[in-house]
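Residue numbering begins at 1 within each chain, and the chains themselves are lettered A, B and C in the order written.
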Amino acid sequence: MGRYIIRRVFGFIPVLFAVALFTFILVRVIPGGPFDYAGEKALPPQVVANIEAKYHLDWPVTWQFVSYLFGDDVVEFLSAGKYQQPADGGSKGLIRGDFGPSLRYRGQSVTDIIKGTFPISFQLGLLAMIIGLSIGVPAGIIAALKQNSWLDYTATFIAVLGVSVPSMVLGPVLIWLFAVKLGWLPVATWGAKPPFILGLFPRDILSWKFWSHAIMPAIAMGTGMSASIARLTRASLLQVIREDYIRTARAKGLSERTVIAIHALKNSMIPVVTIMGPLFAAVVTGSLIIEQIFGINGMGRHFVQSVGNRDYPLLMGVTLVYTFLLLIANLMVDLTYAWLDPRIRYD
Amino acid sequence: MAVANLSAEDEEILSRRQRSLWRDSLARLMRNRLALISGAVVVLLVFVAIFADKMAPYDYATQDLDANNAVPSYLMWLMPKHAERYAKIDNSFLLGADYLGRDLLSRTLYGTRVSLSIAVVASLVSLTVGTIYGTISGYVGGKVDNLMMRLVDFLYGFPFLIVVILLQTYFKALARVGAEGGFAKVLLDWNAKMGGMLLLFIAIGLVNWIGMARLARGQVLSYKEKEFVEAARAVGASHTRIIFRHLIPNVMGPLIVAETLAIPGYIFTEAFLSFSGLGVDPPTPSWGIMISEGVQNLRTYPLQILVPAAALSITTLAFNFLGDGLRDAFDPRMAE
Amino acid sequence: MKKIAILVSLLIVAGLLLAACGQQAPQTVVVTQVVEKNGEQVVVTQVVEVTPTPPPEPVTLDINWGTEPPTADPGLATDTTSVAVAGQMFMGLTKFNPKTGEVEPWLATSWEASEGGAVYTFHLRKDVPWVKYNTATGEVEQVLDDNGNPRMVNAHDVEYAVKRTLDPATASDYAYVLYIIKNGQAFNTGADGVTADDVGVKALDDWTVQFTLESPAGFFPAIAGMWVVSPVPQWVIEAAGEKWTEPGTVVTNGPYVMTEWVHGSELNMKRNPYWPLWAANGGDIKGNIDVIHGVMITEESTAFALYENNELDTTGVPLGEMDRVKSDPELSKEYYNAPDLCTYYYGFVNNKPPFDDVRVRKAFAMAVDKQSLVDNVLKGGQTPADHFAPPGIFGAPDPGAFSKEMPFDPEKAKALLQEYLDEKGMTLDDFNALGITLMHNTSESHAKIAAAIQQMWKDNLGVDVKVENQEWKVYLDTIKKTTPLDEVPHIFRLGWCVDYPDENNWVYEVFNNTAGANRLRRGCVDATCTEVKPMKFDELTEQAKVEQDPEKRKELYYEAEHELAVTEAAYIPLYFYVINTVTKPWLQRDYPPLGAPNYWDWVIDWNAKKAATGG
């Protein structure tokens, strides 16, 4: 098991490298550069040249990639001084934890931006996921156990309704109802700011300020999730219940509760867990729509905006963070399989 | 030794059993009223998609600027306070008009085309590719599984949005410049004929089969050491046979459910992309575009979001209940 | 289980106690006083109970910056948000009157131009100190010089700022605005032998700064008010590098000091008590806002909901809400549309057939019903445009000046197109087979306008125009003049907003076929305009740039505008922007048409705001 994990973690490196390389090339293939224009004004070529020189965009692309991975000093060394690192040392490179400067937000580094926005997306995503699981799984179980009863129909119907309301409709409706009409909750923004505990969690997690801001976006994000989870749980559990070993367990005279709790539930969670991996990576890196509607300063918006701004390092940064989280989450999923179903072995 | 091999007679018995299973399944499906109704709704939607041009009272692009945001008198009760002060009342539009005075009903009917074709194509692609890939990976196991899953990790490692945005940005730039010839040219020609939809399909399809593959693999891992697979293996069935006759039918249940659940996702993805200008080219109507537009004046003209959102929700409901029914019907262990 | 319950209740009680301590509870204090008693002075010590008076609440303005400002460095700012932020913290030499847009004294009290107008001398205020926000104490402090005296903003700071903006190492986008200064361009582009010392800016003494220009420019005082000229603290920039604009580090001289900048989420400011222009310090600026609390919400409808919930004092009105706002009994009173110095236009590619023929261009221009566009699609009370520079720009013709010559006239438009078709021996179908394309950058509002105008061309001319959109950066790449003719669309959309209120910034910088980007491809000798011939318009704008007599300049610009919009019909001016805003009744404000918003002049009726927000 230990060796398996180590092997998988080492396996991350080529994946991350491939994603970095692929993104690096792809963004540069798209027409348009980061500095051609200020607003709608075309900049004189000399001005563009000044800015590009500052960010080494005048270097050959291969050297830019080397600089991104290993740092400007390595480039200077390898190119025998042809491409020099700037006076302030320049980028230290990905392997030394430097994601480079943002091209759009002058004076901010990509690391700063991720440090400031990822924790907020993480908090929101985690809350949404908790909502999704804590409503979805029990609802799915109840629906499956009381199959074809009114409970099942109600749960299924609500679940289906949950899936069919897009968050870009649900969000504004929630704002209108709970903030504008009833005045119970603040309209928008997030209730926590840096510095964060462990770089992730809000300092005043018990405050009303935090929760009052978190409720609506978390619900808007979690509803659809809980609906999907509920239906998946129901389907999977229904299937497992009819398995031979469950019949055997029943035949042995075990109580229905024991059968369901010990045998059926665990096995029925496999499809749910499979979905959780990518879902986790996706929700904790932020949702553009939710962040936009609720004015939340999360990481989600940078996935779209960095492409629009041709902010190459920022796009690379958020992509790699996402990829890394996804790899971790998928490893967790695979490990959970082994726990849920002892017949699955890793060696 | 004949013991390990399946005799022709055994095969015959097995396949007869398979046939009767299908008959039973169909019979079960017919008994599920909700699923039947949903099935009828889906058929109706397909019908609307095909004959939208015959059914719509107006063309989807024709404007009547003076009737912008018109509301029919019998729907005024849906409007917010003080609406009588600003709303233009015009009963020539059955469900009202949008900000350019285009008929909402007609646009919604035409919108069925885009949303349905994206749903159908995207789910067919992702289901087929994903199931086969995932099943093989899970069944073969070992090094092959590892390699196949690394590839999936790599593809999945890309944020979905970035892939689609980059692809669409690139495709659109290419479409403008035009291709000299070859495959790219054929692709672009087709895309132009479909109002920019082909590239959208490709972008969505390129991303979604991966989730299905992981799900299928997870299922296969838990099934492949089950008695019936062991039994099939013991009687010497070929790998292909085990995969297609024994494993895939068994893992399909959760996959179909996941897929029906994913259909609204595809339709929403289209909405999101159209909203960011990376989807269907205007004035081609899609529910996604209509919802994005409607959200902007949700509180002033709620009708403009209600109509497409209702269409979307009905479609989603139908697909979900149908999916449920299918799952219940085709699960071989369903008989109580 | 029980233990936990006890623990929880203890915690609650503790919490309540703590909360109670936070209140303004009466305190017992020992007071020692010297009192005169029966003609004698006696020391009296007594224990009294007093309720401390809370410090007066700061008058807080709640606004939405709209987005994270890409920078707060005036030397690097290019967008409105960055300019708005920098404008609170740094004073330019001049500023624009928030009501009339005229150039007024700001950091400079007076200025004069030399004979011929190529040298400008500015005299600075001597009483503006550099200040800094102390993040530990929460107080604004003056920055002291080596002798322990408050450090004042002086002419050397201005000289440094100008040279810094032009320095290629600074890599400022807007450096080109200062190319009007002698050797500005040469220094910025790294021309041989040109150093910072050669740039035409010089501090004559501590309080006088002199600019030498490349050529006479009557509009230079307006440029001197731009953010790229604002003095910045050399010693801080050299010590802190790119991050010098973070609160606690940044040293500023304007009416407000940055106290907190949570990137992407909020940026807050506080009144600078040492600023000499406050009425309290003997100046004439009467604004009463102590604290600016600014969030960054991109989604307009969310910001509007915040406003309705009293969480913002003012905000823009989203297009979708316009009908409701204008008819709602309360919102309609809070609504105001102020002119914004921006113009929205459709450009023709003037050398791409069939738009190389003026009749076709005129036909397309006359077939657009701008009034209907404004009334039915835009709805914000915009002014239909018939030329480029909006009112308020020096030299701009009156709105409607050319509307007689270029009216909305479907009949005439059709006739003009027919004339062209007849001459070429084409039918309308032949014309439609050319695949006329209108392109805009991806955005819902551009799409709306394009869809409406597409229909007008269809109805009024019978022409099928294809509408395409591209993502912004790709789009800008597509419409530049070097794109091959068959790849560029026939018609494209763009807008232009003011940098400084003079026609030179408009017709000359945008459309002059050598000075501007020449996306209209006017006077091109070859398809991609590597060589251009100046046309009458280009000569007029060239002439007006250096003309000294204001009246003569106005005439030249009138003629130039007429040339471009009527004679050549090289583009379709569509409308002049407005800003649609709602403002709470307790806020008294201005709507400055250009530059940073003047928060320093705004006044809040604090009691009314508190009563309404229940605070």
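Here is the rule we use: contacts are C-beta pairs under 8 Å (C-beta built on N, C-alpha and C of every residue); 3 or more make two chains touch, one makes a residue touch a chain.
None of the values given here were measured: they were computed from a predicted structure.
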Key: From subunit C, the most remote chain by mean C-alpha position   = B
Task = Report which interface contains more C-beta contacts, comparing A-C against B-C.
result = A-C
Key: Central chain (distance from its CA mean to the mean of all protein CA atoms)   = A
Request  = Can you check how far apart subunit A and subunit B are, centre to centre, with Cα atoms defining each centre and the answer in Å?
outcome  = 23
Task = Quick one: report the Å distance separating subunit A from subunit C, using the average Cα coordinate of each chain.
result = 35
Query = In angstrom, rounded to a whole number, how far apart do the mean CA points of subunit B and subunit C lie?
reply = 45
Inquiry  = Can you list every residue of subunit A that touches 2 or more other chains, as numbers and ranges?
reply    = 30-31, 172, 176
Note = Each of the following residues of subunit B touches two or more other chains, namely 169, 173, 275-276, 292, 295, 298-299
Task = Indicate the residues of subunit C shared as contacts by at least two other chains.
result = 301, 471, 474, 478
Task = Within their complex, state which residues of subunit C touch subunit A.
result = 68, 70-71, 73, 76, 78-79, 168-176, 185, 188-190, 241-245, 262-266, 295-299, 301-303, 305-306, 308-309, 311, 471-474, 476-478, 480, 494-497, 517
Note = Counting only contacts in the complex, subunit C reaches subunit B at residues 301, 318-324, 326-329, 372, 376-377, 442-444, 447-448, 451-452, 455, 467-471, 474, 478, 487
Message = Quick check on the complex: what are the subunit B residues that touch subunit C?
response = 61-63, 65-66, 68-69, 80, 82-83, 85-87, 99-101, 169, 172-173, 176-178, 275-278, 281-283, 292-293, 295-301
Inquiry  = Please output the residues of subunit A touching subunit C within their complex, sorted ascending.
reply    = 30-33, 35-40, 42-44, 46-47, 49-51, 53-54, 88, 104-108, 112-113, 116-117, 172, 175-176, 179-180, 183, 186-190, 193-194, 292-295, 297, 301, 308-310
Partner subunit A, residues of subunit B touching it in the complex = 150, 153-154, 156-162, 165-166, 169-170, 173, 211, 214-215, 218-219, 221-222, 225, 227, 253-254, 257-258, 261, 264, 268, 271-272, 275-276, 291-292, 295, 298-299, 305, 309, 312-313, 316-317, 320-321, 324, 327-328, 331, 333-334
